[in-house]
């Protein structure tokens, strides 16, 4: 029954065969997960955010489990753009996986440099711009928490990226008005929006009586934050009816994914759930297809934003 | 062993015999919980936010369970200040419970009116000013999301409240910089800060394919949000080392409460956990006392903010 | 028609550690039997229990509520309680997977029970699906007082009826309706109600089941000028009266409609107290209703 | 001293539905035996399993990791696996409360196992607490190759030793240390190591246990110019190499220190590869280390 649903997802100029992607930082560059499911079957592999230089990340402990969630403070550990291109991107290309490359920088220039370096690389379906990282030029304020900073980054990345490659700005929920930031990114040239990144959290270890993470605070992810994520997608879909949205935050099964689609996401990323079930992205693709079929949808596209419809009782 | 710990909590000019309070909206006015534990034994009963006029609240469904949390959209249902004073406050006074009265308004004037009406009532240990409600005069923007609006409310309440009654501003986590709002409230005359109120969330009912709550969005509470709450307490304690903090958000046992105390809260409120265990506030008082004793603390006050200490490895 | 209560007020609830004694199937449902010291004695028909669900640490914070089906005060374990569970979601599924001897955390008895008539008047008891669960205990109490008890059980289909065998034994008459006609009369409970009332002179209708059914019963009662008492089922976060999630529009003795808690002021209401057409909304004449159509958005 | 690996690379992990066959106590620990089709055959000593915990819907998202203690490929159920569990937190407690026949969700075998020497050299195996779990399988493999195996088991106290009886049977010698002297020599495993190495000419030290103990073993090996292999235990979110939570500073074959995943590049490392003193920090000469002392705050 489920194979009658047209599962293609439209993300700006790119059409993916499945609306389920991995989430940045939760799938490395796809290779490890390929042992558990065929990474070419899902929508795309979204790679761990890459920076210009190699980066050690933070000391351990880097994680703490929390109720229905987890905190992480990895600190964007990675090999730097050159090794990423020569190893990870190459593997993904040779494997035939669609790839969304996530980039992160500490300054507008670094983002520009990354975009520039990736410009002529093949096999990149889209760029995801992780603006939820601190701006070293602005006392460490996170780009995504300031419409102007966010907009400068997106503007620079757009200028250094070919028109055929869509740019998704990845938003943080830790703002007073997420629609405001979304609007700023779109005005600056973002083709779509990814949301949400983790929300800032903290655990105190009651044995050591110190913060549980070496990094003190960390990013909260998993089902615990799903209601917040669905709310963000809903608000931004309302404010920007035509902008493609890649939704994420606590998706662990097909019905969770359906919530995001109904709230207005055009596709979804699966992050933390992969740690429990390494084949989660593909399982969720299938569960979502079945859920759509059960509800009589002919295509995924028909379900996008369906919860916003005005009919019967006016919500 | 646990009775050797001095559990008194200092909240500005008020000293409570226990650092565990109920959370506003999760204990009505104490009467129902008094069947399950002695409400005079805990620090105080924090009453459901009261408005000037009677208020019906929102249509049902008003709640949805979420992973390790719940959404509510009660819409501040209540009998209005007059009936509150003649029935609820009177019951609390006669019962001998310490009472923190939570007030809510749609305008600065309403808050002022509430403070004025309560000014000469006896048996009020403190006021908690719920500024996480929409300002009808400012397109419904929540007071707590704007430092200026928050500050006007606190200023007005302070002006109409006797100096012997401390005022706690209750903050929303849905802001870019909570320390900023905290500072604005303190400058406007808040004697202390309560944090956090619920964070805005949403669930889509995948059967009806509509928002699960009649109110569309709701407030997320429970252990799911605890890491966010602990982070807020930590940040505000760092920014304002001397301001009393009433911490809350997902506290379900004594070690959860201890996390807040170590992060810098002087006392805690227990909300959603009460729905699962109506005697949770008193149980948590006892568990916290035992946990403090186990760790060699002579008094609760010694543990407040202990996770901020700089000693050994500098975090 | 008067809407004063003629029964006793509810006893206070207690929180106890119960122990599962049996879980057995009954049609599409499960009957869960557990020991719960102190509960049986204090229970009146229409009271409910709130049970904590999920192994620790669970993602399910809220208790699940169930009508009390039977109690036995003679049990060796200090009183036993039975509930009927429709295992459709994660909490109810967890519950029916309990093994004999497992502990469960129970708060009971909760809510206002059915009021009993002083005089031995004929009564009609109507249960929809598992909604019949509290009616057998009620039937016993009514018959002890000399009331004639006509029982109507309705459901979508045969497997979703509860208590057919029991009903035959404990009521003066048993009428069954199913939407698909798989057992009894094809149709709704309200379709057979008028005949029953005519035949036996019923003075009180007691009902428990889906909201639509209860609204139907209340309407029939109102048309005939007799009393109806309905046990409603609203989603509840606390079950003890502190959260205000479980409200519905109810007309008070002062004639004013208020959003009223079904956990402590209900779950049993007189049929003419509830604004059935407005359930799920806030009627504009409700105390404190928003002045504009949309109201101030508020959480 | 060379730090090349002389064993085989790890086989790929699989995710299977296992079934609990037995849970038994052993001192302060529990031994959990489960069927897990396909795992036993592929397991080498030092591999670990990652098991999903908590009844559904649980608040615990992350799998728990355990060294594989024993495997049996001859089982009727397609291969069985044994692990040793120290039930101190909610996940491990849940696990040891499983009943025979309960399903468990298992990913295994994970990680790089211990490398085996080509030649029949004498080896010393050192286990701290439940850290001894993987060493018995290792001892068997080593003895199959003609290696002498001296086993050292250490713990805080007698009840926290694991495998004393087994150890006596399967090793050439067994030495026990406890911090409180309740069994064996009072003291640390490192206190008895030099004598053992002197007496039997050990060429490789294998260790599994707390970080401090492993650091001690690595130091002894380094001082003597012999090889050490240590199985580390870092908190892991995924266990399969995608999350980067489980890192520690490890020197690569190019001499460069990197924050290296212990789940896929370990858990077994050569003792001289790990920057033991810097575990829990990022050494300033690590690849990509922050330039300033505090670094750019980043999540």
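By written order: A, B, C and D. Residues from 1 in each chain.
The definition used in the following text is that a contact is a pair of C-beta atoms (placed from the backbone, for glycine too) under 8 Å apart; a residue touches a chain by one contact, two chains touch by 3 or more.
None of the values given here were measured: they were computed from a predicted structure.
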- prompt: What chain is the most remote from chain C, judged by the mean position of CA atoms in each chain?
  reply: D
Query: How far is the middle of chain B from the middle of chain C, if each middle is the mean of its Cα atoms, in Å?
result: 35
Message: For chain C versus chain D, what separation do you get between their C-alpha means, in angstrom?
response: 56
- request: Please work out the Cα centroid separation of chain A and chain B, and write it as a whole number of Å.
  value: 33
Field: chain B, residues touching no fewer than two other chains
entry: 67-69, 200, 214, 217-218, 222-223
Statement: Going by residue number, chain C touches two or more other chains at 57, 59-60
Query: Is the way these chains touch best called a line, a ring, a star, complete, or other?
result: complete
Message: Per the contact definition, I'd like the list of chain C residues that touch chain D in the complex.
response: 54-60, 90, 94
- prompt: Within the complex, which stretch of chain C touches chain B?
  reply: 12-13, 15, 52, 59-63, 105, 107, 234-235, 237-248, 258-259, 264, 279-282, 286-290, 295-299
Field: Residue numbers on chain B that touch chain D, as the complex places them
entry: 67-68, 223
Query: Any idea which chain A residues touch chain B in the complex?
result: 66-69, 71, 145-146, 174-177, 199-204, 206, 209-211, 214, 216-218, 220, 222-228, 230-231, 234, 250, 255, 258-259, 262-263, 291, 295, 306-307, 315
- line: chain D residues touching chain B in their complex are 57, 59
